[in-house]
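What follows is a short report on a single structure.
So that you can tell them apart, the chains are marked A, B, C, D, E, F and G in the order they are listed, and the count of residues begins at 1 in each.
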Amino acid sequence: MKTLILRTASNYLLPLLLLFSVFILLRGHYLPGGGFIGGLIASIAFVLHAFANGLENTKSLLRTHPGFLMPVGLTLAVISGLAPGIFGLPFMTGLWYDEAIPVIGMIGSALFFDIGVYLVVIGVTLTIIFTISESA
Amino acid sequence: MEILLALMTGVLYAAGIYMILRRSLVKLILGLILLGNGVNLLIFLLGGITKGKPPVIPDGPAVLGEVFAAPLPQALILTAIVISFGLQSFAIVLIKRAYKVVKTDDLDEMNTTDENA
Amino acid sequence: MIYTYLYYVILPILTLSVILIFYRFLKGPSISDRVIALDLLITTGIGIIAVYSIIVNQSTFLDIAMILALIAFLSTVAFSYYLEKKRNNE
Amino acid sequence: MRTPFLMNLLLTFVWLALSGNFSLANTLFGFLMSFAIMWIISLNSENRKYFRIAPKTIGFVFFFLAELTKANIQVAIEVMTPKSTMKPGIVRYPLEAKSDFEITLLANLISLTPGTCSLDVSTDRKVLYIHAMYIGDKEKFIRDIQNGFERRLLAILR
Amino acid sequence: MAQRILSIIGSSIALIFSIVLFSLVWQNGTMVIQAGNWEAPYGITMVSDTLSATLVLLTGILGLAISVFAAGSIVNARARFGFFPILHFLFMGLCGSFLAGDIFNLYVWFEIIIISSFVLLTIGGEKAQIEGAVKYFTLNILASVIFLTAIAVLYGITGTLNMADLSLKIAAIEDKTLVNICAMIFFVGFGIKSAVFPLYFWLPASYHTPPHAVAAIFGGLLTKVGVYAMIRVFTLIFTLDPFLENVLMGVAMLTLFSGAVGALVQRNLQKIFSYLIICHIGFMVAGLGMGSTLALTGAIFYMIHDIVVKANLFMVGGLLYRINGTSNIKRMGEMYARYPLLSLLMTVPLFSLVGIPPLSGFWPKLSLIMGGLETGNYVLIGFILFGSFMTLLIIAKVWAEVFWKKKEVTNPPANFRFFEAHTQREKILILIPIIFLSILSLGIGFGAGPIQALSERISGELSDVSTYITIVLGEKSN
Amino acid sequence: MLLAVLSGFIFALLLVPFGKVLKGKWSILLSILPLALFIFFLQKIPQVIDGAILERNQWVPQLGINLDFNLDGLSLIFALMITGVGTMVFIYTSYYLKGHVYLDRFFGFLCLFMGAMLGLVLSENLITLFLFWELTSISSFFLIGFNNEDPASRKSALIALSVTGLGGLCLLAAGLVIHGITDSFSIVDMLQSSTMMQDHSFFMAVVCLIFGAAFTKSAQFPFHFWLPGAMKAPTPVSTYLHSATMVKAGIYLLFRLSPAFSGSELWHYSLWCVGGATMVYAAFQTLFRDDLKSILAYSTVSALGILVFLIGLGTEEAMLAGLVFLLVHALYKATLFLMTGIIDHAAHTRNVSELSGLRKVMLPVAVAGFLAALSNAGIPPSFGFIGKDLIYEASLHTGVFPLISTVALVSTNVMLLFAGFLAGVRPFIGPLPTKYKDLQAGSPRLWVPTLILATLCLVIGLAPGLISNSLIAPALVALGIQDYALDLKLWHGFNTVLALSATTIGLGLGLFFLLKPSLNREEQMLKWEKYSPLAFFEGMGSLTFRFSTLWTGMVQNGYLRNYILVILLFLMALIGYGMWGNFHPKIDFTQLLDLTFYETGIMAIMLGAIVFTVFTGSRLTAVAAMGVVGYSLCLLFVFYSAPDLAMTQFAIDTLTVILFVLVLYRLPKYLPFSDSRVRVRDGIVALGFGGMITLLALGVLSDPMVSEVSEYYSANAYKLAKGKNVVNVILVDFRGMDTLVEITVLVIAALGVFGLMKLRLKSRERIR
Amino acid sequence: MNEIIILLLMSLGSVFVLLAAIGLVRMPDLYLRISVTTKAATLGIGLILASAAVYFQETSVSTRILAIIFFILLTAPVGAHLLGRASYITGVPLWKKSVLDELKGKYKKTDHSLSSNEK
């Protein structure tokens, strides 16, 4: 869709939505939110951008194929699940750093797990939507 | 309210089933989505519902108050929702591909693989 | 006082609005009418959630309203995209 | 160099507002995050003169709110009364505004004002097509917008 | 090529792990991992009893075999689009399902299996694949919905998801009406996945369409997961009431019948094998339904045998397809004359399937029939014999058509790359797994003693679940 | 003995790598195997006379299945027959199929068969017996289909396999039922619990199953038809499997089990009837045959009938007669078959009507044929005479209809004599047609084995002592007949039996001279085939096939919606059964008073949207309405305290709408496909199912549960897992593994979408 | 005091929403419906949200509510524009009593580019 209004609006919406998605991601352990919904919002941001500016522009904005986020996120999630193994604990045992950090709260393996989820959800959603609209 | 929700669940199932019994591929997938919603609502309902008390521990106390909504069914549904999203996307793409290859979304015309051959 | 008022006055008004909007959704006649009704439904939904968050005294629900506000727009964009692309189909 | 920086600050602020925590650590975190996001999307925005126009902006907001309320009441009456006095139509409105941002903002404000709705901008950005509920006099209609919204808006933006 | 090598290495490592797991379980009994270090029933428990360990071991073995086969038979284009990773996800899903000690976790693993099988079924697919996939997809999703419905009801009754905990909670319920209804919903959900009559429709519609490497996993393991789940749920969580036993046996009979009868009329080799999968699922369900330990032993043994043999058969089917340029047995032929050694090799899976003694398919039938006599299910025995006889007939027919008959001269598909045209390396990669699995099934047949002992141990564990529960729940089990 | 049995299999296996070498002139070396085994068993005779030799080898002890072998008199006779005839056949084959491309395979199957057959007669375990039994069927299958490019061969092989396979299953079932009675697979145990067996309620089943096995294997009427068909196999196979050994497996089984069953009327009368019918019917068939092998095949069937008949008589004399006739038949029939092979090999025809005067060109063969015919006819001093003598003796002294029995036997023998002469004498007498002038008997490897067997017919006749104490007596012991006054000899003086023999010979020779074979008559007879058991069997086969096609087409009809309907109806039937009568959900209608209008309103909208989704005629409207359903659900989640769910539901719903929209605009119109009756039906099913779910939900809710697990999470989310949003804590910590798997599902789905849309195989790559 | 503000804002807001709803039902053509809904609802929801901000009296809540209002103000007109444009392109008719249509024929059929010419 070639509309100037949408294009301009989307340029402002994109960073806002992305910021918001990170916000939702990080607070998930304390309030409603988390990796899924955060990832969904981030992907929606990019999809919106793609609707407004065309797929090619969004892709060049991302520099890499979104599919690349999937293995990254999955690896991050798996590593944060396996990390306890170093300390002789079973798979997926929570590890925590004792000091709380503003907004995020406690830093622990669960956070990295959630970030992994976030990345995977972005990668997956964008891959799906981009693929479909490319071959539409 | 449980009664109404139970009815609603039944309606979702019924609608989903009616839709997947149609001949159109699109209806089929809409039906599956409806069924997915029905299942989610069923888990939600049978896990026990509570009004206005989300399972989020407020600032201060370390545990939830007396009355709160059961968190486990919610977590299960969340997982189920996301999984069905993955499947749905695949299904939707499958419609597209099917239409391209078979040139129809009439399911009745997709039966060559069931011929005795 | 607030709760009673919200409960017995505001929410019924909003619910009535939702039903009216839904009537338009059902009636159409064009897809665009339905899309606009859908959009308005969600917007009204944001209002209902806001009122509900006051009634049950849970500011958490406002986050949902926020998400609705953010995302609802996208379905309108998508439908417009569809309408423009498809034209003589359907 | 300056524009991105301002954008960055803006985003940091939004972050602080969202999280409701104005501590130093959070500010720093918000800044870094916004930086990261901007780096990712390498946005080319045009919101120069961000600080200079602040007072005018506030004035404009009040003007806009007044217009909004006025028009809303008009629409309310229209909706509630059984007899229609509407003379709707699509008007071709020649734009003074030039940049994307100006045009978009103007179009959106027009849309937000009841009774009017920006349908589209011509591909060469010279014309805005507006749907309006009451077009008694087309020229007056255009003039009102030119002297109202567009002038004030451009005063802020330029 | 790198993907292929990685895939084979990965499978080898997985196989080593599964061997280690099996030997640990064999020596020390049931093992438990509490994921996240949360004690059961609060976290997700992975349990490996002998049944699970055995199935994981078999998955490991098939995993390696099929990785090798796929390395030789999958075209580069498919490999570029993630064929190998998804293949391994599928194996992961299978292992996860076998080890899950939590009913919802089982559901999640099932979804991994479903989605990866969809993908393997459809990528690069043309008309037939897509048509098959639509049915496969819909009915499997329907199965998932039914499964999830059952989980909802189960959770609504008990408030827990851990299978050991469920076992205790269900046992404590006095009015079994809801429990029995729930059991039936589970039965239908798993019944669709394990392709029993009248729920199997998706299988003949799709199994003959994907690449043969994929068909081999499907044929070997996919339906077995359904059977596994059925066995697990109906031994651990629910006790079969007489009605459900009768349903299972009735279903088993019709499954045997329909599968056999269906295979008889097919001309597509892969389709024949597909119907035979259905037929032979009947044996396993029958073993479960009879409700005797001996019959259950038979079902377990049958499962072990069938996993190896069916996977091998589909690979053999793939090889025959490559040699003949078609899967239609009417247009195949002369294998016996042209490939004597291959023919000899192929007799192993073919006749193991029939259960010509002492090949592997024979032994479990013995336990099944004895179990049937023990419990007085004579009609069921009749159907078991019928199924065996039909299998014999069908395989003999296949033999006569494919191996003996003189091949008619037909035009091969354009651009078809016959087996002869394959590189030496591809040929070897295709043949090795077939040889390996054939030797394995010979081993199962001739070394039936140990496998029988294993199956007996498994059915013993399944018949007395108290150990399982104690190990999972610790002192909470009292 | 294990080694003896296994040696056949080992040789068969060795032929895989070394077959190429042996295919040439060395193939005769393979006959060392049967010869060695023959000698092995010969030297066991003294031991066997003293008592049976039992050897135990464990195999699957859990099931009581062991490779136990028992060499007693009965087994010994069979073992010697198998290895002895085997030796001759091996030698014969080495020339007969000289230079054949598949000679190695042929020998492989022969070795396999020999091993299996030995295992069969030596097994002391019912299951191992079954195992070897099946192996003989399989090797027979491969041998009958040896000329695999001939469709008739393949068909015969399939028919033979299906008949014998069916019988095999009967044997298996019988073995298992016997196990159920005696709790053991041991044959010895079974023989010892004869009374227990006969009193058991399953006795009849056991007997019928055993009959099923024996009658199919030994080609008894009406299952005999596979045997004439099996003549498609090369002559050595017909000789070895289908006259001398394999077909006798059923006889062996009956002999073996007779001690346990004798005394049962069912046993005796059935065998008498079936055996009698078979021998007469098959002998009668020989009158109309022209093809040598066909004649021999029917006469074999008839001889098998005689054996069954004798076992049915069940007296000690009958058993003795049976044992002797077994040997007699093996010798003369093997000779005749081998002889036929030589003729066929040389003259390229087997039609008796075309053959004459061959004695002039192949004298040794003629001699062999003549000797065999003598034995067959029971003309003294051949071994056959002794056999026939004993048979008449037995039938005259039987308690079961002696007159009918004797008449049947005599008429059978008359016709068999005709058949034997037809095969063994007829081709050699008369003038030699010119076209056969240059024929030769061929290699000694062909005619020497033939002649040896023929000579034995004479030698044993002259010196029955050779076998009476060494073989027959121990065999009788094995059959439970102790201390029988055994006296085998040619001359018993003038008596009824001699008169019967003379009558038989006279009538038979008369028939031989009167009835000339002709192709024409054979063809006449073939017209009746459509009323034969074979035709019936084939008819059943095609009926089964037609039914199968019908059934499969009906079940797997290609219509997805039918599949779904069947599955749902099945599920509904099960749930309905579960609910029937004892399902009483306690529904508390007072809770409806707590309902707020906003809940009601949202649900009403949801209901409306659902109905609209279902019935709207536009795809896009349906998608939009679906969106409304999702958004209403989202609001319900808000009302019932599930913020995370509400958010996710909303986001996913929107994304789904986007996906649909991206896909839909290329799809064709959305037509109402089905007619109204179907829709009403589907509507009823759907509503019924939905109603069940509602009821079920209410049923579950009427007894509210307290989830200890859920409470644990709420209590420990912050304390142990350091999070306050309990749902998120469950997702990333308590049940993090679900989440991990779930994102994997997403990744696979994305890969799948990518591949499905992007991957297009070139035609060269379409290979599966 | 707060209560009164809340009630006032709420009442106004909900009335505007209701008006939008009624407008949606009553307006004769799509473009008028779009016109009505974008504004009335935006204002109404803005007011309701504002009253929630007053009620909770927390910075984090208020800022969040500001964010929501901001989003709605940004997206609602864009949405209206998109839908209006798409509807016009797909040929959704104007109300028959419309007085003017200067957009007629300005869209190019092929790529939907919009000309600015007066005629």
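FYI, contacts are C-beta pairs under 8 Å (C-beta built on N, C-alpha and C of every residue); 3 or more make two chains touch, one makes a residue touch a chain.
Predicted, not measured: the structure shown is a model, and the values here were computed from it.
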| query | Listed by label, which chains are in contact with chain C and with chain E? | reply | A, B, F
| said: Which chain has its C-alpha centroid farthest away from the centroid of chain D? | reply: F
| field | Chain closest to the middle, measuring from C-alpha centroids that were averaged per chain | value | E
| request: Would you mind pulling out the distance in Å between where the CA atoms of chain D average out and where those of chain G do? | output: 13
| Centroid distance [mean C-alpha coordinates] between chain D and chain B, Å | 40
| chain C-chain D separation of Cα centroids, rounded to whole Å | 23
| note | For the pair chain D and chain F, the C-alpha centroid-to-centroid distance in angstrom is 85
| query | Got the chain C residues that touch at least 2 other chains? | reply | 14, 18, 31, 35, 52, 60-61, 63-64, 66-67, 70-74, 77-81, 84-85
| request: At least two other chains touched by the same residue of chain B: list those residues. | output: 20, 28, 38, 42, 45-47, 51-54, 56, 72-73, 78-79, 82-83, 86-87, 89-90, 92-94, 96-97, 107, 110-112, 114, 116
| note | Check: chain E positions touching at least 2 other chains come out as 35-36, 104, 108, 111, 115, 118-119, 122, 125-126, 134-135, 138, 142, 149, 153, 155-156, 161, 204-205, 265
| note | Chain pairs satisfying touch are A-B, A-C, A-D, A-E, A-F, A-G, B-C, B-E, B-F, C-F, C-G, D-G, E-F
| query | For chain A, which residues are in contact with chain G within the complex? | reply | 1-3, 5-6, 9, 12-13, 16, 20
| remark: In the complex, the residues of chain A that touch chain D are 2-5, 7-9, 11-12, 14-16, 18-20, 22-23, 27, 61-62, 101-103
| task | Could you pull out which chain A residues touch chain B in their complex? | result | 30-32, 36, 121, 124, 128, 131-132, 135
| query | If you look only at chain F, which of its residues touch chain A in the complex? | reply | 643-644, 647-648, 651-652, 654-655, 658-659, 662-663, 665-666, 721-725, 727-729, 731-733, 736-737, 739-740, 743-744, 746-747, 749-751, 753-754, 757-758
| chain C to chain F touching residues, read off their complex | 7, 11-12, 14-15, 18-19, 22, 25-26, 28, 31, 34-35, 38, 41-42, 45, 48-49, 52, 60-61, 63-64, 67-68, 71-72, 74-75, 78-79, 81-82, 85-86, 89-90
